[in-house]
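Below you'll find the structure, written out as structure tokens, and then a few comments.
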Amino acid sequence: MEDKTIYTPYLMRIEKITEEAPGVKTFRLKFQNEEEGNAFEFKAGQFGEYSVIGEGESTFCIASSPTRNGYIECTYREAGRVTSALAKCEEGDVVGFRGPYGNVFPLDEWKGKSLLFIAGGIALPPMRCVIWNALDTRENFKDVSILYGAKSVADLVYKHELKEWENRKDVKLVTTVDPGGQTEDWTGEIGFVPAVLEKMAPSSVNTIAIVCGPPVMIKFTLPVLEKLGFTEDTIYTTLENRMKCGFGKCGRCNCGNVYICKDGPVFSYKQVKALPDEY
Amino acid sequence: MVDIKKKANELLAANAVQVVIGFEEGTSGKSRAIFAQDAAGVDKLIFNSQCVLNLAVYLTKHEIKKLGKPAIIAPLPVMRAIIQLASEFQIKESEMAVLGVSPEGKLVEFQTFAAIESYLKDFKIAMDEKEKEILAKISNMSLSERFDFWMQELGECFKCYACRAACPMCYCHKCAVEQNKPQWIPVAANNLGNLEWHAMRAMHLAGRCVNCDACHNACPKGIPLNFLTKLMMVDAKEIFGQDGPSLKDGHLLSTFKPNDKENFIR
Amino acid sequence: MTIEKYLVKSASLSALFDKIKASGKVVQAPVKKAHTVDFMPVNAFNEITDDYIVTTQSAKSVAFPRVEKLFKYTKAKKEVTIADYAINTIPEVVMWGVRPCDAAGVSPLNAIFTWDVDDVIFTTKLKRTTFIGFSCQKSDACCFCTSVGGNPGATAGSDILMTKLSSGNYLAEIITEKGKAIQVLAPEFFEETPSEEKEKNLAQVPIQFNYLEIKEKVDAYFESDIWKAQAQRCISCGTCAFVCPTCACFDIQDENHGKVGQRIRNWDSCCFSQFTIHTSGHNPRESQDRRWRQRINHKFSIMPDRINAYGCIGCGRCSRACPVDMNIMEHLIGISQLAKK
């Protein structure tokens, strides 16, 4: 008799592959075992270890909302051995998934507040789960605004969904590309995210800001948020570190005594400020 | 030792160097490296038969380079390593001082790497009787006996990579075993995988090993790894005429000469 | 259960060993090899050596081996089949000859593998292992068990602890139900309680520092040059982590052979330069001082904070095995002597 262990992955079939941007893909995954799929639960913010069996495991967030049943999604950029192997997969192939791991966006605490999502480039995936979660429970929140920027039009991910969000009356979406990244028919903003944020000047009253992006973007966005009146308690982000097990045993992802896999990846800016320089 | 300490203090006081890499007394009679940056540190310098660590391993470490221009206490194995590292463009003459130590423990001052190479001509790498005995024993084994011998010895290896870490020639920022695209050498410690790792390392040391035995001394299991590389050294001499490190003859297996007998490169 | 004390005559040890072997358990004991003394499966009592302060490697391999095959798999076109770990094939093992420090190392290792979720491979292996410890009559300059809450005759972690008395016979302390199960195999060898004092027959290990103070200092001096100074001679190999009874850092990899393979878990070390490197090339612990700080921080501050266990039992293996004589005890003394902040 064999027993599943904490290392045993779920076997998932790739139902749909979307090419988001050069080198960036989204997989929609269905549990091969329907019972397991029905029993599977997770919350926005959590991540998993995705693998091509035989190549290894890689860490990505669960990019779909927990309000959508029957499947999970992940978005990744082709970078190393495992992601290159994932990029070679076809629809119908089987991949492995372990999870969910990590902590969650405290959406319950944010009921009644307004939400401001700010993301750059490939950092929209970790936010996509919580954006859709919020939109699927839209009545819980006041205003929902999204500011999303990328290097160029081609690098914007979830292009299809950006259109959906744009067309919704209950969401304010601002997209931007870096100067020089626009196409002829681009109608969005042109400029770096921090500058566009300043121009947008969203209200900080009873609002939570969730920011994800490359370190340089975060560095310049935070002062703008502070100028707008956001505090270290009302700014949230996700952190990442090199991970392996996902459940606090392999000893790799800690930052001081904070384990990114257990105490994160979702952190308030207050918590981030308290972290030692080890991420 | 007095002459060496005096010179070290002189160099530090004149700020000609910022750190002196040498040996100090360690636990229970062992010796270990010290990075002396003042007279108190220099005072701790020793040199005896326990000083077998090859200090040249620290010359390529970025944390040590940050300490400033070093002077390095250099007994023969360290001198040889310096010549080999210099021929591979890893260290520059102008960026370090060498405080040579003769086999009698006396200070030998060198102004250039060429001077070190010249000094080494009188101290060619040679195997002692014990080493010759073991080398002969292994060489006289049949292929299958030799395979069994190494599989037995290397079965003890648990891939701690202390051998790699202690070897002054293993300075690659990302070792071949740390590549996973593809995973050339399996990471797990098992007999065949261990042989693959050690055989690969020996090949990467062909023509470069300076016979310092640091790999064997570092190994927590006492595996005679140094004999893999000693056998390589013997081959390098017999087949290519390589007789110790040389500034201009560089890396034996990646240097092509017009009179090489293989002609596929032409 | 309360500890039961018996006398086991020196002449009975071999027969006791035979009875344990006959019960079908695998017995691992210290064996003198070409260059080390290490735990190996043994069949006869005379294979065992008692000529060691501590074995070169720890006893942790019995529950946390160097390489663990987590599961096997087969791949066909668009299909993958996983064959999970066969937990029921884990044998009953007796680890004969662990030192009190080794036995004390079981608890922190277990704390890691049961933090929030249980690693059932580890916990089952541990459940099926019985530790027969032997107290220390000798110690050396690298031992410091008494500085981290242990001592050469401590019973924590052992199921039976044997202490050699001046008569040459042994005080056998039966500490747990597992120990009792061993006694039941050969009760005739466990005789009346000896009157000789245990403490007289133990090695003397002077206390060098207070480990509770280490945590305080490590937290206060996290950002300090002391780590640079201490880590200078470290050459970034994995020796200390691999010989350590409580180090559990690991890596997970897939080993593929065409259509079949396995997912394996290997020992890893926070001291390796690439341990924390991101795919982007960013490395939060790029220099040896940060990696050394992590090692001490993890053992003396993070583990107590998060899982209520200290990660060092003072066996000194790391110091003995270290190719550059880092000598952890010296460094810990240095840390303990830092001024209070």
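Letters A, B and C mark the chains as written, and numbering starts fresh at 1 in each.
Definition applied: contacts are C-beta pairs under 8 Å (C-beta built on N, C-alpha and C of every residue); 3 or more make two chains touch, one makes a residue touch a chain.
Remember, predicted model here, so these are calculated numbers, not experimental data.
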Identity of the most central chain, Cα criterion: C
Most widely separated chain from chain A, with each centre as the mean of CA atoms: B
Dominant chain pairing [most C-beta pairs in contact]: A-C
Centroid distance [mean C-alpha coordinates] between chain B and chain A, Å: 48
Whole-Å gap separating chain B and chain C, where each centre is the average of the chain's CA atoms: 33
Centre distance in Å when chain A and chain C are each reduced to the mean of their C-alpha atoms: 40
For chain C, residues that touch 2 or more chains besides their own: 251, 253
Junction residues of chain A, two or more chains touched: 56, 80
Sites on chain B at which at least two other chains make contact: 183
Of chain C, residues touching chain A in the complex: 70-71, 73, 75, 78-80, 82-88, 112-113, 115-121, 222-223, 248-254, 256, 261, 263, 265, 268, 270, 275-280, 284-285, 290, 294, 297-298, 301-302, 305-306
Chain C partner contacts - residues on chain A that touch it in the complex: 1-9, 11, 51, 53-57, 79-80, 83, 92-94, 96, 240-242, 244-245, 247-252, 254-257, 259, 262, 276-279
Touch list for chain A against partner chain B, complex: 56, 80-81, 84
Complex contact set, residues of chain C against chain B: 33-36, 56-57, 66-67, 140-142, 228, 231-233, 235-239, 242-243, 251, 253, 255, 264, 266-267, 269, 272, 274, 287-289, 319, 321, 323-325, 327, 330
Interface residues, chain B side, partner chain A - complex: 180-183
